[in-house]
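Shared chain: subunit A. Partners: subunit B in the first complex, subunit C in the second.
Now for the complex of A and B:
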């Protein structure tokens, strides 16, 4: 029978790979992205479990010891303090690891919340179009045109406390617009696809189409944008902390460690190097990974 | 059975409001489909076939399109008076649709099985397990071998014919009363096309649904339809049962369509060209005055250029919209 012939001709492709297997296969060809991925996993794991294994708590002060020139304040890297100590004799390694938790958490959390807002605004805007689209997109434009730094000073004064959540909130408020524009663009093209019409024809509601049918289809650009966004937000946190509007001491973050190191920049350069290198490597790795993902997730590019 | 009307449109008008002007895509269409009947809707590209079917589903995208006039009766109720919520309950469960492009009509990120069971889940109060069972049943019904395994496959793992079967399974999963097939076999190669048509015929016998078959392929119509409506520039120009239309077409356009089919059985003098209908479909922004077909019509007369004819019943069940039907030289 004709059907079984057709079936047999397809047996060759029967054990096809899933989408994510294909994506990973393509990503593997992107050397920089894989190196970055491994590096990021190491950094994240180090920050998560590292603080349990280091000798000193991030706020413990190493006391001056006349018999040991390597403990005390402003000590360069040594076997006692691998990354040296700061002006209070605190262990830089421990602070880098703990501060990494804070910086990475801020990076991930603010990307996550910005993506949620951005996807919501962008999806509604792109799918419904018309007046709703105009209103939402003009609001996005307005948010884009606000000079961020002066407003941050105001926000930092209005919102009490110097906690992690404040900085996540601030970064989110000014970070969702790019995602909104991106997702809107994706939805504009997706809603014209035949499968969207087919979904309407089986009686699926608008909200079901927006969240259940189209959202998984727009995951690729969202994933890329998020990956690049984490790096960007770590920089953002660092800048804000450096200016004194971010994470408040004594809680360490890579940003406020840099600020802290300013006064002793020439006497104790390791205080600048280590948080600087941590930010540099992490952000660079996120950018490489994002680039690699962009290529791997793009079905039009055959690597 | 003839009088058991399932769907009827009365003077349906669907217009598109664009920057260049108003396109009267469907302009006064009356069609009638009885329970279990197959109505073929033929015409050239852009004549309003698809818009007619989308109007019945109330899926005309606004802006720019809008149903501006007429009535659509489905099971004794006017569809145009229903709320969006009520329409959603009808779509997919009582009226289903299969689209032209099987390659793009399935969502690439879900398994085909899930997409069929979703259609069931949207309309029926069943558990996911039951919906899955139903989906596997449907895959089996449309002739997909090894349905349990195929349930978990993604659209890109299937060929065009297989995907169209999945689309049909999806459309039929809730036992609709009316299936709209919008060029469902056009994108498939002829052998698969024949299989799909055979399948639709077979399922129609089993389930007893009516089909609105939209195509520009007259041999598909001949194979499948009970009645035929020929559309031109948003209007029905001829409407009759299948035998009459193929035996004695009365509208010059229908005649032209029929005589431009190459037939193997027909003796042809060597070098003789296949007759064609001269010209192109009129620009929807600048429709000709009088009968829309008159610039292309070999029989056009003065009145054709001045006044648009009304559709007339020239024999029981045979409607023609032409001033000059039954003129000598017409009819095969």
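Now for the complex of A and C:
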């Protein structure tokens, strides 16, 4: 018997969707998260390839020219310097694009290294439990009792150097504990579930269960917390640089561009607006994306 | 209840010692404070050894820790190296007073603004204002504190000239009548208090919103509606009272943010508080002072959490003190 046309659509079989396809489908409904994702891709691309297209190098000083009122130090935005120039006559646009590389790199790299340490510690601590777990968790308790900003300042003073890697190290040192706690909590609940029992029953080794069975199942909270973490770490870098403990000039970062900006408040407000807006939009986008990912990955998740 | 209190306080002791140990060890990584004397050919090695002995630096590290910790506990905090040899206790007392003044003010401001907004958002979930406040909360969380301060300073300090752009009081008013001084200081404190409050507000709004949402979905709220109570009585008499209980934990959550945020806000506005003192101590390599301030700030945090926990236990009769 021929199937009439009108029912055909109901008969077509559906392709089985993978977990990530479902997640992406759910994420697409979250308008702000998608806008943020697009915005972030644009920002990252601009910082990566932008510096090749701007007229000035980030350290070029625009010289005073008696015939041209738009070049020199503390010049407002004009067609010569789209975002104006700073106290040494350097092009702000070029510094923002190049500084974006540094700030984003610090954000991503510190989250990545903190996640690696955090997952390792949290997994071991949550899976094995016992005295190791107690020791590690008491240690995280202690570290959580020291306020973040003073701790960051102290660490930044003690570790020598003023480069990008030092800041990444400093942020990682205090950042991994949050991830360790998170992963430990997830592992504690996962190790009691049936699939872990099943894996153990067929003779999987402990390390196989930890890395092959439990880790993929705890990806959702890890992804959400690292997305939110990138934004947070960009702010930490900026705050440290503002206080003078971050990335040292002449290397620009969004934070240290604002370091001298307080004195520019009266005569060069663009030096405050542009780097600050760059930080603000980027961090806002990471926060919205993280929020959308939380809903998409696991609606029950509370972070 | 008494047992709970005692246990909670006993649990705190290892934490207090642990924080002291970490502070001590971290600041010991700075290196040998006498290293630069060794480079000077005019200072004999015997003299360095004598100085080390006089300051107790020739002791093994665990003895040094106990010696330091004991002097911390007994209030013998020594003198600051760089502030002209002034006693550390005196420096800390003045700074702590400033910090407490403006963090408590911004705490109260954040509380009275954020909690009602969060509860309103929960009652009118998915309304336009709910979306607006959610966006507002995200804005607050995404802005670097110091940049937000710059913006406010540019608008209200430089452009409109309504408020002073830094400091804590107008020079020359030190001996003015109390009321004049109070008004004067309020003017200086408006911006820092708003900045610090704004920073914590976002998280609070979302927290009180989700706390209220949870309560609204409970069975007893439905029962109250089912027996025909007016919406106002249901919300304000039945739901709100229970929603307010978890909000007390905000107290504990807010303290770390306030202490950290205070450091930046104090720097921007030139308030001589604890954060500024820590920062200056680190900039000047004044480690004895830095150790005291870091330890005090951590203890402030621990005791704040203790206070929040106890308050929570007192307010919520459902908590079992086992």
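Here is the rule we go by: the second predicted complex is superposed on the first by the 275 of 303 C-alpha atoms of A that agree within 3 Å, B and C clash if a C-alpha of one lies under 4 Å from a C-alpha of the other, contacts with A are read in each partner's own complex, and residues count from 1 in each chain.
To be clear about the criterion, a contact is a pair of C-beta atoms (placed from the backbone, for glycine too) under 8 Å apart; a residue touches a chain by one contact, two chains touch by 3 or more.
Predicted model, so just to flag it, every value in this text is computed and none were measured.
Participant: Quick one: name whichever of subunit B and subunit C touches more residues of subunit A.
Facilitator: C
Participant: Go through the superposed model and pick first if A:213 touches only subunit B, second if only subunit C, both, or neither.
Facilitator: Only subunit B; A:213 stays clear of subunit C.
Participant: Quick check for you: in the superposed arrangement, does A:203 touch first (subunit B), second (subunit C), both or neither?
Facilitator: first
Participant: First (subunit B), second (subunit C), both or neither: which does A:244 touch?
Facilitator: second
Participant: Where on subunit A do subunit B and subunit C both make contact?
Facilitator: Touching subunit B in the first complex and subunit C in the second, no residue of subunit A appears in both lists.
Participant: Where on subunit A does subunit C make contact in their complex?
Facilitator: 138-139, 141-151, 153-155, 157-158, 231, 235, 238-239, 242-245, 255, 258, 261-262, 265-266, 269, 272, 276, 279-280, 283-284, 287-288, 291
Participant: Show which residues of subunit B lie in contact with subunit A when the two form their complex.
Facilitator: These residues of subunit B touch subunit A: 57, 59, 63, 88-93, 96-97, 99, 101, 104-110, 118-119, 122-123, 143, 145-146, 153-154, 156-159, 161-162, 167, 170-171, 191-192, 195.
Participant: Which residues of subunit A touch subunit B in their complex?
Facilitator: Interface residues on subunit A, with respect to subunit B: 2-4, 6-7, 10, 13-14, 16, 18-19, 130, 193-195, 197-205, 208, 213, 216-217, 219.
Participant: Subunit A touches which residues of subunit C in the complex?
Facilitator: Where subunit C meets subunit A, its residues are 14-15, 18-19, 21-23, 26-27, 29-30, 138-139, 141-147, 150-151, 153-154, 157-158, 165, 256, 259-261, 263-264, 267-268, 275, 278-279, 282-283, 290, 293-294, 297-298, 301-302.
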